[in-house]
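Okay, handing you the structure first.
Chain nomenclature is as follows: A, B and C, assigned in order of appearance, with residue numbering initiated at 1 for each chain independently.
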Amino acid sequence: MTAVPKRKFLSGIALVATLALPFGATHAGDTIKIGGMAPLSSPGSYQQGPELVLGLEWAVADVNAAGGVLGKQVELIVEDTQGRPPTGATVVEKLITKDKVVAAAGEYHSSVCKAEIEVFHQHGIPFVIGSCWSDALTDAGYDEVFRTSVYSSKLAENMVAVMAANGIKKAASLVEDTDYGIGIAKNIENAIKKLNADIDFQYEVVEKTSKDFVPILLKYKTQVKPEVLIVAVTQPGGFLILKQAHEIRFAPTAETLYLDGTCTAQNDKVFWEAVKDAGNYVLMSCPYSPSVKLTDLGEKIKKRYIDKFDRQPNYLPLQGYDAMISLLTAIKNAGSTDSKAIIKALQELKIAGTRGDIEFSQEDGVWHHQWKAVPTFIFQYTKVGQSAGDAAVLFPKQFATAGIARP
Amino acid sequence: MTRFEKCVLLLTLAVALIVPYIFESYALRVAASVLYFIVLASSWNLLLGYAGVLSFAHAAFAGIGAYTTGLLSAGFLGHHVCASLVQLDLLLNAGGFVFGGVCAEGYSRDFSAGVHPVIGVFAGGLVAAGIGWGLGRMCLKTRGPYLALMTLGFSETVRLTLQIEHDYTRGSLGLRIPYLWVTDDGLPNHVLGYIMMLALTVITIVVLYRLVNSEKGLYLKAMREDEDVAQVMGVDLVKWKVRAFVISSAFAGFAGALYAHLFVQVLDPKMLMILEMGLILAMTIVGGLGTLTGPVIGALLLVILWEFMRDISPYAHMLLFATLVIVVMKFFRGGLFGLVSPWLKQKNLIGKAPPFTVE
Amino acid sequence: MDYYLLSQLVNGVIFGLIYALIALGLTIVFSIMRVVNFSHGEFYMIGGYTLYALTAGAVTIFSIPLSLPTIVGLPLAMIAVAIFGIAVERGLLRPVYTVRMDRPEEYAIILTFGLSLFLQYGALTTVGPYEMTPGSFWDGSKHIFGDLYLAGDRLFAAGTSALLIAITLYFIYGTWTGRALMATAQNRVGSTIVGINTVRMNIIAMALAGLLAGAAGAAMAPIFLVYPDVGQIPVIKAFVIIVLGGMGSIPGAVIAAIILGLVESLGSVYLSVAYRDVFAFLVLIGVLLFRPHGLFGQKERRA
């Protein structure tokens, strides 16, 4: 047998090259491409991701209906980051290099956001965070990164303020093993120091995909005996913790309150179906609630959601809408798709969002490119099956409708 | 190896060299992942296909390599090492020479200094080899299912430990590690990265080829065919199994560390999951166990299939791979290469039929 | 009395019983067929999904959602998984004994491993990653003693396990078929000589494993929910148990399961709660190193 004939060799290469063409091809088009990232499958919070995407999509639809941006229609390319940082980084790299997006908005998990901002920073592409609460994201000081959602230290300060105002002296927490979870725990510690609150606080980090939390809950119940259990574990682990805490008669009880730091309790339909009786008297720290007055734009979006789904929205569609509308308005103001121009326009932006008037601070630290005046609240369910809109508002004081209720 | 096989491998190499000039960033990543899996599948093949050792710890060794270099370049290990080197410099009055050679600043966001990634990669491979030696000496006296379960237990223990000790490893938050050379503008050079992965792949294949076709390879093959007979003929089973294990783990560690610095950049204990082991297993089995070209074909084919299936869903590829493994094991256990080899043998293109067939 | 220690121990024993149920099926299959069924966790998963499908109105017959009472769903789930087990034996594992091959053990491991991935990702693709919550067997939290309350479902699962384990032990030691199974486990060739149909023994073994795993999956479904990779962690604990108890020893598996449950609980109390799942692996490696045939296992004849 002689060596492989030249013809076969060349045709072999040609075959491989043609197989590769789909990878090499790039899109040409006359739309403005914007990237959108969210967890749409496990191990990400696939129940929350689509809500965020809804807000992104509606903002794009509204802008397109009004004529688009710079004379072109906006094309939103949504990618599933699965709640995994390496997936987030890969997905963003694909959006930037393959799909050639001019900017992006979205993402729900802080640890994924953390990986994504590095890629955006490397390429200089602007990114408005959808709903990642970790302080570190704005604290990194990247020019490309903006945030219209709440941030961890603000939520922690609210929680500590409520505890201090109600004379709570001992708190324990279960946090998930992510940037968000561990960030909240550390922020609560910092807030306690900052507000000089007399609170004994401890926390335990748990794997968010874990299923049996009874051992640690038993430890808290019998050894630690806290007055409030703060849980910063996203779905579905969060609901399991509540159910199991309720089963062993630990929280919510007269002795121990239960505070949901992730605000997933506000998805009232899913929440009550999953936890049933256990959900009564649960407190939650949220960026929004149906009972709170929104801006005109916010009320419009809220009504659209109610008309479509026959239930109240949670904060995610609104946060998603705010992130995207800020981005698209900035592109319009910049008059070009050049990254630096968009970033400058974002820095100077002043628009009415769904929850208030949005503008980004230029200060350093956690307030860098952060919407400082973003609203946050603390609510409490007082009846089984209660809708999120009827929940009592406990904080801030100017909106409060009741004090803390105990079973 | 016949001329035909040599031609096929050289053809593949030629195509691999052309790749960076055709593809841009994203596809180049995919190509690099093919190379990564070729190294992992080939080194795993050394264990099962040549020494007859079924190990579930391979992905864990890649992860150990990656985390070693990660902790040295951007984690607490590097911080401590570099601090000690500063002391050493003072002691030797070397004017910062030792420190400057090994460490650098600006790699890690959490610590002031870290070890240079190149040193980290070598450390990753060596640490993996060392742990492989230890694990091998402990486990390789056992056989079959016991060994498989021990390696499974080891893999999960390492993964869980990395995850739980997040204070040191950043666990599920992800350990961000620097690119291999910190360029001025911080942008990774994927073409260069691909070339480096290619170099590692070539080295792996060449070393495995030399090993398998040498006298030592004969011992391994003897063990694979019938352990008791081999022992009677004087082959020290444990010694050779351990040696194969060390080599295999070393390659896995190097690959894991190198690939991490070039294309992964954020380390997560999930890379040690059994799912990753399943990928390696699928590629080797489908490609062809017990041959050198088998894992190469398997890795290439499965990664390409994976890319095509991405549009369907993020995990449809696993369903396909699992089906392929079952089909291959049930019907033609020589994998794809085993499927074509009788035909090739008939045409006198290759020397011998691959193993794992039913005689 | 140290309530904390006691409550952890109670939780540990409950888990021990449940682990025993899962491990029992695995050890029966290994004893008789010399096959480590890496897809045993997926048998467990199928049990859970079947329970959910039958009782939570997910499946419709003539547009009427099937909403059987949860307790009825349990035996049905068991039967479903048993049938599946028989199919696996017939379709995939038969060649292990009927065909002469070089390395049957590795063949079976790789095959069942592939099957495990296939089932997990099959479930993921068809049903989705969502966690399903079937109805409760015994709703509400029950008072154990003092200040200790536990979910009724956990108690039900532990009770069901104990019952099924007892029945299985009776079957193995008290009936002719059970004795035939043991004979096959001890010496396959010898059993064939005295007239036992070893292929039928295989089928019975897989069916039994299916029944037990399905029961475990269904019983635990209300507590731990049902999702594609729900079987992963239980099956790894089962591996530890059968090694600890001795591969091939059925009472060994039960005792080892209780020991593991207690080790995990005590470890949580005195060492670290976070490392709870790691203890199992450390036990596994330790046992395999120092006493590979486990507590009660027969020393392997290597021939």
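The rule is short, and it goes like this: a residue touches a chain if its C-beta (ideal position, glycine included) is under 8 Å from a C-beta of that chain, and two chains touch if they have at least 3 such contacts.
Quick caveat, the model's predicted, so the values are computed rather than measured.
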item: Topology of the chain contact graph, where touching chains are joined (line, ring, star, complete, other); value: complete
item: Comparison of B-C and A-B by number of C-beta pairs in contact, larger one; value: B-C
item: Separation of chain A from chain C, taking each centre as the mean of its C-alpha atoms, in whole Å; value: 39
item: Rounded Å distance between chain B and chain C, as computed from the means of their C-alpha atoms; value: 33
item: Whole-Å separation of chain centres (CA-atom averages), chain A against chain B; value: 36
item: Where chain A touches two or more other chains, by residue; value: 41, 205
item: For chain C, residues contacting two or more additional chains; value: 124, 274
item: Contacts with two or more other chains, residues of chain B listed in rising order; value: 313, 315
item: Complex contact set, residues of chain A against chain B; value: 1, 3-4, 9, 12-13, 16-17, 19-20, 23-24, 41, 80, 82, 84-87, 89-90, 93-94, 97-98, 111, 114-115, 118, 122-123, 177-179, 182, 205, 207-208
item: Complex interface listing, chain B residues touching chain A; value: 2-4, 7-8, 11, 14-15, 18, 22-27, 29-30, 163, 166, 171-174, 176, 186-188, 264-266, 268, 270-271, 304, 307, 313-315, 347-349
item: Chain C partner contacts - residues on chain B that touch it in the complex; value: 48, 52, 54, 138-139, 142-146, 148-150, 152-154, 156-157, 160-161, 164, 225, 228, 274-275, 278, 281-282, 285, 313, 315-316, 318-319, 321-323, 325-326, 329-330, 333, 355-356, 358-359
item: Contacting residues of chain A [partner chain C, same complex]; value: 41-42, 46, 204-206, 211-212, 214-216, 218-219, 221-223, 236, 240, 244, 246-249, 274
item: Residue ranges of chain C touching chain B (in the complex, touch as defined); value: 30, 36, 92, 95, 99-103, 105-107, 109-111, 113-118, 120-122, 124-125, 232, 236, 239-240, 243, 247, 274-275, 277-278, 281-282, 284-285, 288-289, 292, 302
